[in-house]
Structures are given as C-alpha cells and as structure tokens.
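Across the two complexes that follow, chain A remains constant while its partner is chain B and subsequently chain C.
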Partner chain A sequence: MNELIQQAKEFGNKLYYSFFRHRFDNTGLTKSKIMFSNVLLHIQPVKIHKRSVKFKTTMGLGLITFYLFLILSVTGILLMFHYVPSTAIGPDGLPDAYSRMLNLRSNVFWGGFLRNMHRWAAHGMVAFVALHMLRVYLAGAHRGGREFNWVIGCILGLLTVFLSYTGYLLPWDQLAFWGVKVGTEIAKIAPGGALIRGILLGDTDVGSEALIRFYVLHVAVLPAVMGFLIAVHFFRIRKDGGLARPANTQNEKQIPDEEFGEVKNNSVFKSARSYKLVEIVKGNEPKVNEETDQMMFAWPKLITRELIVLMGTIAFLSLISVLFDAPLEGPADPNHPTNPSKAPWYFLGLQELVSYHGFIGGIVIPGIMAGGVMFLPYIEIFLETFTKTYRKNIPGVWFARERNLENSLFIGMYLFMLILIIIGVYFRGENWAIVYPWVETAVGGGH
Partner chain B sequence: MIKDYRTLLILAFAGFVFFAMSMKKALDQDYVKHQKAYYKALGEEFPGAEIKQVNVKTPSVAMIDRCQSCHVGASNPEAAGFDQPLTAHPSIVPGAETDPHDFAKIGCAVCHDGNGRALEEHDAHGEFHGWIKPMLVGQKAQASCVRCHAMESGHLAGAELYEKGRELFLEKACWGCHTIAGISSSSQAPELTDAGGKFNYDYLVESIVHPKANDENSKMPEFDWVHDEETVMALATYLKGQQKARLRSEDSAPIGYIKPKSDQVRIEKPSVAAGRALFAGAPFEGAIAKGGCVNCHAFRNDDGQLSGGNIGPELTWTMRNRGEEYVKEHIVNSRVHAPDSIMPTFKDYNEAELDSLVAFLSTFDYKLDSASEGQKLYDAYCVSCHGEDMDGQGIVSAMLDPYPRDFSKHQFVISYEERFKDSILNGVGGTAMPAWKNVLGEKEVETLVEFIKQKSLEQAPTNFKRMDVELPKPGDAERLDYKEKGTVIEAGDVARGIKAFQANCTSCHGKLANGKGPSAYALEHPLPRNLINKEFLNQASVSDERLYQSILLGVAGTPMPSHDFLKDQTILDIIAFIRANTEEAE
Partner chain C sequence: MAKEKKEGKSRRELITIGSAFGLMGLAAAGTGGAIFKYMFPVVSYGTPQKFLIPVDDLPDVGDELVFDDMKVVVRRHSEEKVAAISLVCTHLGCTVNVVETGFQCPCHGSQYDSDGLVVGGPAPKTLPWLEVKVVPGGQIEIDTGTSLPENTFFEVA
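After this line comes the complex of A and B, so read on.
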C-alpha cells in the first residue's frame, strides 16, 4: 500500500513538473523561477522597478490596447466561422455578407454578442491607442533611446486605424458602404491617392472586389503585420530597460515593499539573491547594482495587476456589449446615399476638415500631423542639435516643466482633432449642415 | 497585495456575471414566453418551445419567415379573441368562408414585410434604422396583394385601399407626370414603376405630402388634397404595391382577379360633357379617367367663383387669350411655348379628346364690367400670378418659370413702364403671360397700367432715372467703342461671343445659357433669364437694343447687374451668341 502511495506521489510529481518547473512558495528563487522558466519571461522581466506597477505610471493604457487586440483576435476568429465576404445576392434577395450579419443577430447563438464585442472593442482600441500615445508623450517616454520604438508605435497606431477601417466595410450595410466610400473619396485628393485607392478597392468604386480585399487585409495581412510589430514594440521596451523612468527615483513615493509580497530567503548564502542569475546579461537591463531597493519581483504583483486590467477590460466590454447593440442599417445600396454620409468617427475629424477644403483639409493638415507625430522625437532631436538648445528630457515624469511647450502643443493637437470629431459626430446633419444634438439627433454614421 | 487579489476576484466575478447576462440574452427569447402563454390560453399542455419557420420559395426569392414563432395563433380560429401577438389573423378575403391564404405555406412577411428571419420584436418588425422594408401594418399590407396577384386594372376583393389609391393616381393626374409601366408614360417626374421596391412606406407618404422634404429642388407641387390621411394612405399603399420584383409571374398568379381590359375605351366624339369629365379627371362613358386638369388649374364659373388647383395658371380666359391652336399644342407639349414649363405632356390624347377639352374650356365666359376700377381689374386678372402685393409671388407663381414680374420694385416700374401696355395686350412670348387683347379693352389696360404704376410708385423716390443708351451700329465712325477708345465697332461675332459668355455670364445664366447657373439657386426673384427660350427672345419687344441695355446697365429692380466694364464690342458679341442660339429655323 505504502509503495503504491509512493508510486502515485512519484507519478504526481512527474506530472506536476512536466507542467511547471517550479513550486509556488515565497522564496526569491521560486519567484524568479516562475518568471524565468515560463513563457512569461518573453513579456516580463523577473524583477521590475516598483514604479512600473503604479497606476499613475502608465494607467494601463498600452496594456488595455494590447488586451483589446487579443479580444479582437478571439472574437474575430469566432466571427470568421460565420462570415462570408461576398456581395452576391442570396436567395433571400440580400447580399451574402449583409445576410450573415442579420443571421448573427437573429439565428446564430451568441452571435449578436460576439459582434457587439468585436465592434466595441475595435472602436475602443482606436481610442486607447490614441490615449496611450498621449500618455507616452506627456510622460516624455518617447526619448532616450526609445525614439524608434515611438515610430513603431505610430505605425501600430496607423495599422489599428486601418484595421478598424477595413473591418468597417465588412457588414456591407449602408453605414459600412458609405462610411468607407467617404474615406476612399478623401484618398482620391492625395497625389497618387487614386492609385492607392484603386489597389485597395480593386475597382473604380467600392464593390465586391473591395469587400474581398478589405476582408483579406482585415483578417490576415494586417493582424499578422501588427502581431509582429507588437512583438518588436514590447521587445524594445524590455531592451530599453523597462518603462521609462527618471534617473533618480529615490524621492518618489512608491508602493511599500510589503505590498509586493513576502520574500523568504532559503538560500544557504544569505547574502546572495537568486536574481543574480540575470546579472550576467550585459547592457542597461534592470540595473541591479544601482537602486536595488527599487527593484521588486514581477511575480506576483505585476502579473496580478496585469490580470486585473485584463479582467476589467473584459468585464467592461461585456457589459457594453450586453447593453448596446452594434449598429446595422439596411443593406448597402450604391444608388441611395445616406444623408449625411459619415466616415467612422476616427475619420470624422478628417472629414470635417475636408468639408472646408479638400486638399488642405484632407491631405496637407493630416499629412503634416501624421508625419509630424511619427517623427516627433527626431524632430525634437534635430531642433535641439542644430539650435544647440538642449532641452532637458525627464523620462517617465508627467508634465515635466521643462517640456511645457511641447506638451501644450501636443495636447492642443489632440484637442483640435477631438473638437473636430465631436463636431463631425454630433453637430453635422443633412447636407453636412450644422445641427444641434439637443434639438435633433445627428445620424448618418460615425459609429 | 491582498487588495490586488480582491480586486482581481471582484472583476473576474463581474466579468462572469456579464458573460452570463450575454448568455441569458441569447437564450431567453420572447417567443418562448409567447408560446407558453398561447398554450395556457388554449388550455393545452405546453409542447415545448419551437421556432416555427416557413421557407417561402417563389421563382424570384426564397424568404425565411419565422414570424409565427411569436404570432403562434395566426391561423387558428380558436385564437381569434387573444391579444397580440397570439391572436388569429382576420380573414383576408372579405366574406370568404375559408381564407385561401395558408400562413403555414406563405408566412407573414410576404404581405407584411419586416425582417422575417428575426425573432426579436424590434428586429423582426424591421423597426431598426435604415431597414429597407419596415413592417406594413393592417390595411397597408394591401400593397403586397399585387406581388402575387396580377391586377393592373381589375378588381381584387380585400384590396380596397389599394384600388382606391389606383383610382386616385388616375383622378389626381399623378399619371400626367409619373410613369408607371402599363399605366402611363411621361418623363416629367421620377418613374414609379418600382416605387414600392425602392422606397419604404413612410418615405412614400412623406414624398406625397411634402415633396420637397428630401429634395429641395423638387418641382412637385404640394397638393392641398393630400392632408386627408385616408387619401394619402390609399395612394401610398398603391405606390408601395408598385414593385418590379414579383413573387409570381403574371401567368402563374393565383386566382381572384379580373384580367385587365386590353384596350381602353376612348372618347371618339368631341363634346363639352366629355371635356368636362376629362378636365375633372372623372370617368366618361366607360372610358378610364385620364385627365384631371382641375388638380392644377382653376377656373371661374359665371358668378366669378373660383375652383380648382393653384399649381398652373387659371384657365378662365385661356381660350380667349391663347386661341384654340395654341391650347391644343400646349396640352400636347407645353414646352413648345414655354421651354421651362412643368406641365406634363399629354401626347396620348386623340383629336376628339383635345376637341372636347377645348370645347369645355370655351364655355368659360366670365368677364368683368369694363368700367371697373384698377384694383378690381387687378384682383381678377392679375393677382393669381403677380400677387396681392404685386411682388410677383401670387398663389400660382411658384411653379411658373420664368416667375411672374415683380412690380413692387419701383426701379423696374420706372424704367420699363412704356413696355407694360404692349406686354398686357400682346402677352410675353415664352412665359405664362398671355395676350389679353381679346378680353381687355385698351381703356381697361390703361387703367391697369395706371393702377400698377400708382401702387408701385407710392413710396418711390422721385430722383430715380434710368440712363438712356443707344445700341452702337457696327462700322459707325461717329460712335466708337467707349471702353476701348477709338476702336470702330464691328458686327457681333458668335465665336467671340461664346468666350465672353462663358467668362462673364455662366455663374447665373449657366453654361447652357438656360438660366440655371450655379448662382441662380441662391437668387430668389426673378431668376436669371433662360437665354435659349426662343419664344421669348424672338418677339419684337426683345430687340438687340433691349439686350444691349440690359447687359450694359443691368436690369433695374432685378439681380441682373450692370456690366459697364465690358467693351461695347464684347456686348455685341454676346448678343450675337444669344441670337445664334435662338435663331428660328427658316
């Protein structure tokens, strides 16, 4: 009997250690092993700076964006099981793609909820990308060797918008058709825009070819490119030494050490810490020799906090998706434009500008903005170098006084776009005339 | 640390709850509740919830119809007293013992539209924004009878509203402007053969009542008879029934209709009575009503009582003013006389029908006492077009093109008063202004002119005076070009005229010189002249001198500005271009 128990224990142990290579006690060794021997190491270091888990540092914005990307991938794949990117008129007299949307709402179990999740997460992702970028800039985290990561981030932001935009067409309803139509008409104004538009649409107008191209871009090309760039984006943050922080964090108020969980030291060498395992790596990785007291184990505090953000995102998104249905209008009809025809909200600022002047509003201003923002850190460096006015950059500090000018300009740009978007969404009615939302509800898309 | 775990736990729980809510929303559907209530009301045992789906296959479409999942008692006579959605459907064919419509076969959406595949009420009834086929409730569903039953002009029991709509369409002369294949052919207004397929019911109602609701530039008049709800509903139901996509071909259509008569009975012998019937849009001796002039045109009886529509000019004096030949031509194609007229083309009328109409119009002989004073004359003859305030905005003016003259502008009256008498006596070609010489005597016209002048100039400043300029003669060495000093003026050149016109005139007069340039939409009254209006430009009073003055000095009291920056030569070129456009073919 005892032997049997012994054998069972042995079997159990072997089973356990085939999954985990560590136990779950509180020793520093185990804590580092949890990170080090799991895939978690690919995302998180064993030890992190204490301020990294503070809400104020990042507000979790980048993380939320990433989680939304994950949620979008999961719900998107589930939706792919049902969706058909075809405009062929089915036996019920409706285009296939649109007919599938109706099915999702009425025939497919849980289909409406999935579509709601996907829709609201997509809009959310565009919004959080913008907020994340704002946070990074205002906290000065785009400088100090992170310039190129900022560029990658900007490309990721553009990809997000483009992903959302390609997905906007897929329901093939009036909202989708005219929203995308407006966007592609704006593209025509740009020099060479007509060619790009032609390549994207595969036709002279939004039609069946455009639908299949947008579909492939949406489900395969863009997510793949995006996944790769996200990996690069995260990797470079690690290689740049984690989240940007000022050189001296001694005087900052930090989360007390107890909050990071008790660490037992079972080592026979009382003075040696198990994290020294990583000290053999060269470079400006977690600086173990300086400020050691500021570095804490990533497990369990950081992982828990990241899970909190994940659960919060999922919970909030589920609630929104239960309460609000994703919009679906009549089937796309190229002969009957909606009045007004509005692009999705993140393009409405652009559309508002275009309504004043096609070339200046549609190409010059957004071009300067997109290009300017993308190369902003280099522009800063260029100006500082050639005018010999080395402005002090304090990474990781919100609204550093030395950067008031830059920050104000950046916030100004955000406000400018925000106001334009609000005007476009709520204050534009038929024939693009000004309406007041408290008098008459603005319709025509944008969501 | 423990706080973090707690937060994580709470959020995970919240996520789980919302997740469960989404599941509940997907599982807990209204039709289950309805079916339970239905079997309870029947006193039967609940056999378990079931989605009752009918697949309606027709040669053109396959419709998925799940309406009876909620409307579970639709074809059960025992459920007649139940509340919606459980109640039985009332008999469709009135008086029939067993209704030939089997809902288990044809479903509900065939007649009632909506979104048949949906199970949620709001969704199924097609109430979401932008859905092409919102549900047709009650009698409106009669619009769908013709989707299967062929009845172009026959009678179908149970489709009374639809039939009334069809009668109205003929009686109210809608057919005069709108084409419905097989009923009318006209290019005046949008074709309605597929009106029901393209537009939803509410849109049709809106377009009938407020034609300008969706298109500000719509020329369709706002009719006064449309404020009766039943009339509008009947007409909208008829129009909703006009759908190109039929569920059955006309040959395989189910029974219950009378095959339309292939050829209409026409009026063969002209008579006043026939003309009266045509004018009123009423059937005459078996002929289908194909008139309805009275919907747009008014007339006075012998007591001066006015009746009829106020979309076109009043017709009391028309025979006397215009003469028989003109009236007939005008009925057949009004654009011969006034190129911008909106009157439909009634080219289908035969000679007898035209004669009948003329005979009827000739019976009007109302006339004022010739000794009447100015105000009275004006109120009888002029006011319907020129308006009570003489501002050219009389009751019928909105649909006239060009607009009636605005006499409230003293600049105009002072400048052109010598033209008034001639215009009244002989009319103005190419416009709605007829020649009054057969109705009004010279003295009455003088009284009228005096009246207009007096009323218009009441508060006018006395110092307004229009310059007098003479048309330069080509080659005149005495009268050189004012602007280009010393140049002898040559005859106008069309090629140069085109260039000058395109450079200076098109924003108002349009590239085609038809008076419909982009800026014309911002002007109110009067609108830019249509310069290819042959009838207008080829009358004696529109001389080259008048054109020269109008271009150089502008037209007083109108939006036409002066063009004294142009060379005399250029103006002559433009006149040559205008003349070349409107030359009468010899």
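After this line comes the complex of A and C, so read on.
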C-alpha cells in the first residue's frame, strides 16, 4: 500500500513538472521562474520598479485599452459566426446583414448581449485610447527615447478609430450607410481621394462591394496590423526599461515593502542575492550601498493587480451590456438619411467641423491635428534644438513645471474636441440646426 | 584600394548589396502595384444614372413632385416646361429634404433656396439641375449625371 502511495506521488510529481517548471514558494528564484517560464507572463520583466504598480503612475489606462482590444477580439469572433456581409434582400424584405442583426438580438442565445458588449467595448476603447494618450503626454512619457513609440501609439489610435468606423458599417443600418456615404465623400475631396474612395468602396457608390471590403478590413486586415503594432508597442516599452520614470526616485514615496510580502532568500550566501543577466534594457541600476533597491518582483503583486483590472473591465462592461442595448437604426435606406443624421459620439466633433466647411473641417484640420499629435515629440525636439531652449526632461512625472506650456496646449486641444463633441451630441437637432437640450431633446444618432 | 576598404564598403560590395536590394525593391513594388490594381473596382454595380418617367406621372403645372429612388424633384413650370433638380447635397452626398424655404440637409445643415442656391451651411455649390429629354413611348429621361445651371427648363410637349 505504501509503495502504491509512493508511486502515485511520483506520478503526480512528474505530471506537475510537465506542466510547470517551478514550485509556488516564496523565494526570489521561484518568482523569477514563474515570470519567465510562462509564455503569457514572460512578456513582462521579472522585476519592475515599485512605481509601476502605483495607481497614480498609469491609472491602468493603457492596460484597459489593451483588455478592451482582447474583449473585442473574442466577442468579434463570436459575432462572426452569425453574420453575413451581404446587402442582398432576403425573404423578410431586409438586407441580409441587417436581418442578421435582428436575428442576433431576438433569436440567438446571448446574441444581443455579445453584440452589446462588442459595441460598448469599441466605444470604450476609443475613449481609453484618448485618455491613455492624455496620460502619457501629461506625464512626459513620450520623450526620452520613447518618441518613436509615441508615433506607433498614434498609429494604433488611428487604427482604433478606423476599426470602429469599419465596424459600425457592418449592421447595414441607417447609421452605417450614411456614415460610409459621408466618410467616403470626405475622402473624395482630399487630394487623390477619389482613388482611395474607389478602392475602399470597390464601386462608384456605397453598396454591396463596400460592405464586403469593410468587412474584410474589419475582421482580418486591421486587427492583424493592430496586433502586430501592439506587440511592437509593448516590446519597445520593455526595452526602454519599463514605464517612464525620473532618473532618481529616491525621494518619492513608494508603497512600503511589507505590502508586497516577504521574499525568502534561497541563495547559498544567505546575506546575498544573485542576479542573472537576462536582458539589457535602458535605465539605471541602483548604485550599491548608495540607493535602496526600489525594484520588486512582478509576481505576484503586478500580475494580481493586472488581473483585478481585467476582472473590473469585464464586470463593468457586462453590466453596461446588460443594462443598455447597442444602437441599431432602421435598415439602410440609400434615399433618405435620418434627420438629423448623426455619427457615433467620437466622430461628432469631426461632423461638427465638417458642417462648417467640407475641405477645411474634414481634411485640413483633422489632418493637421493627427499629424501634429503623431509627430509631437519630434516637433518638440526640433524646436528645442533649433531655438536652444533645452528643457529638463522629467519623464514619468505628472504636470512637470517645465512643460506647463506644452501641457496646457495639449489639454486645450482635448477641450476643443470635447466641446465640439458636446455641441454635436446635445446641441444639434433636425436639419443639423442648433437646439438647446433644455428646451427640446436632441434626437437621432449620436450614440 | 587598401584605403578605400578601410573607409567602408568596397565598390564590389556596394554593387552586390545595391543590386540585391534593388531587385527585392523592384519585386516588392511590382507586387504592390499588382495588389493595388487587384483591389481596383472592375465592374460597377452602382446605381444607374438615367431614369425614365412616364409623361403622365409628371406633376401638375406650377407644382413639383419628389421621385425618391432617383433623388430628384421634378418641377413643372408650364404645360411644356419641366425641370429636374438633384436632391443630392453638394456638400457630402446626403439626400436633402424638401422644406418650405427650399431644401435642407439633415447631415451637416446645408440650406438651399427653392432654386437650389446655397443660402446657408457648408454646401459649396448650387444643387445641380439635371438634363431632361423626351424619349419615345410617352416618357421623359432624367440624367442624374449632368449638372446644369439653375432654372434650366426643358420642353416636354
């Protein structure tokens, strides 16, 4: 009998070590092994700066954006099982794509919930991209060797918007049809835009070809490009030595060691710790005997916190998706736009601009804004170099006094867009005339 | 020769690398061009440009009638004189609504008077007046691809 138990234990051991290559004890070695022997965890470093887990440092904005991308991928793939990108009129007198939406909403188990989740996550992602960008800029984390990563981040932001745009075409409702109609008309007035419009639509006008092309862009091309650029974005953060932080963090208040739990020392030399060269990244190592080591093991505290953010995101999104249905307007009618015809909120600033002048509001101002923001760190470097006004760059510090001017301008731009969006959502009524929301409620679109 | 080598790549290396990258670039450019052409629309399934309306369906004298599917309003000035005005906004292509003061666009708020002249909003041009032709079989043909100045009426009788 004893022998049998022994054999069972041995078998269990072998089984365990075929899955995991470490134990779950409290030693530094194990904590390192957990991080680099797991394919999902090894994206992150074994040791991180204590600053990284503080809420104030990132507010989790980039992480939430990434989680929303994951949620969108999962719900999107699930939705694909029930969707056809076809405008052919079915037996119910509705375009196939549209009647699939009705089918999802009323017949398919969990169909409405998953569609809600996909739509609200998409809205959330646009919002969190904007917030993440604001955080990075105001904390000066776009400088100090991270300029190119800022550019990649901006491309990711544009991809997010373009994914939203190609996505809301797919239900083939009124919002979809007139959104694409107006969007591609804006493209047409850009220099060389007629060609781009032709390639996007695959036809001279918005129709079945456009739906297929936008579908392929939405489910295959753009997510693939996005996934790749996300990898580059993360990789560069890692190689730049983790989150941007000031050169000296000695005087910052950190979370006390006790909260991270004791780490046992399993080294032969009981008073020493062993380091192993795993990678070379930018940044300073603590100077021996001069600074206290402000690094901590990523396992388990960082991973736990990340999972808490994930659970929070999913829980909040589920709640929203249960409470609020994703918008679905009437089936696409190529003859009559709804009145007023409003884009989703993140495009309403643009729509407001376009309602003053097509070319200036639709091409010039958005182009200057997108290009200006994308190359902002380089513009800063250029101005600093050629006017010889070198500023002390303090990455990772919120509202650094040296950057007051830049920060104010950046916040000003956000406020400008926000005001335009608010006007578009609440102050535009029938025939795009000004209405006051306290007199009559603005209707139509704007979701 | 020895000096050159010290300074960097030799001519032979440059030619090798240059031709290698040149050929790869050429292949990439060719592929890119082919994909571009592949993506280009071949057949247009777009809406037809010309429409036929039976003369009997025309509005009464002094009246006008909206033809939804064609996005035109047909206006009858006198027994013989008829004109057609496009309802496609010259700003960004939404369909304008017929209102008391003329036409209004629900997308970006362009306003036109009853002749299609811009009186407000972002529209850059007058609503196009369209060519109307009498065709055999008691019908008239409206060509939505044309763009004529305002008050262009056509004889239908």
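We adopt the following convention: the second predicted complex is superposed on the first by the 423 of 447 C-alpha atoms of A that agree within 3 Å, B and C clash if a C-alpha of one lies under 4 Å from a C-alpha of the other, contacts with A are read in each partner's own complex, and residues count from 1 in each chain.
Assume a contact is a pair of C-beta atoms (placed from the backbone, for glycine too) under 8 Å apart; a residue touches a chain by one contact, two chains touch by 3 or more.
No experiment lies behind these values; they were computed from the predicted model shown.
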| item | value |
| --- | --- |
| Fit-or-clash call for chain B and chain C when the two complexes are aligned on chain A | clash |
| First, second, both or neither for A:Thr338, with chain B first and chain C second | both |
| First, second, both or neither for A:Thr304, with chain B first and chain C second | first |
| Partner chain(s) touched by A:Gly193 [first = chain B, second = chain C, both, neither] | neither |
| Touching partner for A:Gly202 - first (chain B), second (chain C), both, neither | second |
| On chain A, positions contacted by chain B and by chain C | 336, 338 |
| Residues of chain B touching chain A in the complex | 1, 4-5, 7-8, 11-12, 14-15, 18-19, 21-23, 25-27, 60-64, 115, 117-120, 123-124, 128-132, 198, 245 |
| List of chain A residues in touch with chain B within their complex | 91-93, 102-103, 105-107, 109-110, 112-113, 173-175, 258-261, 300-301, 304-305, 307-308, 311-312, 314-315, 318-319, 321-322, 327-331, 336, 338, 443 |
| Chain A residues touching chain C - in the complex, by the definition given at the top | 178, 181-182, 185-186, 198-199, 201-205, 207-209, 334-341, 351, 354-358, 361-362, 428, 430-433 |
| Complex contact set, residues of chain C against chain A | 36, 39-41, 44-47, 68-69, 71, 91-95, 97, 99, 104-109, 111, 121-122, 124 |
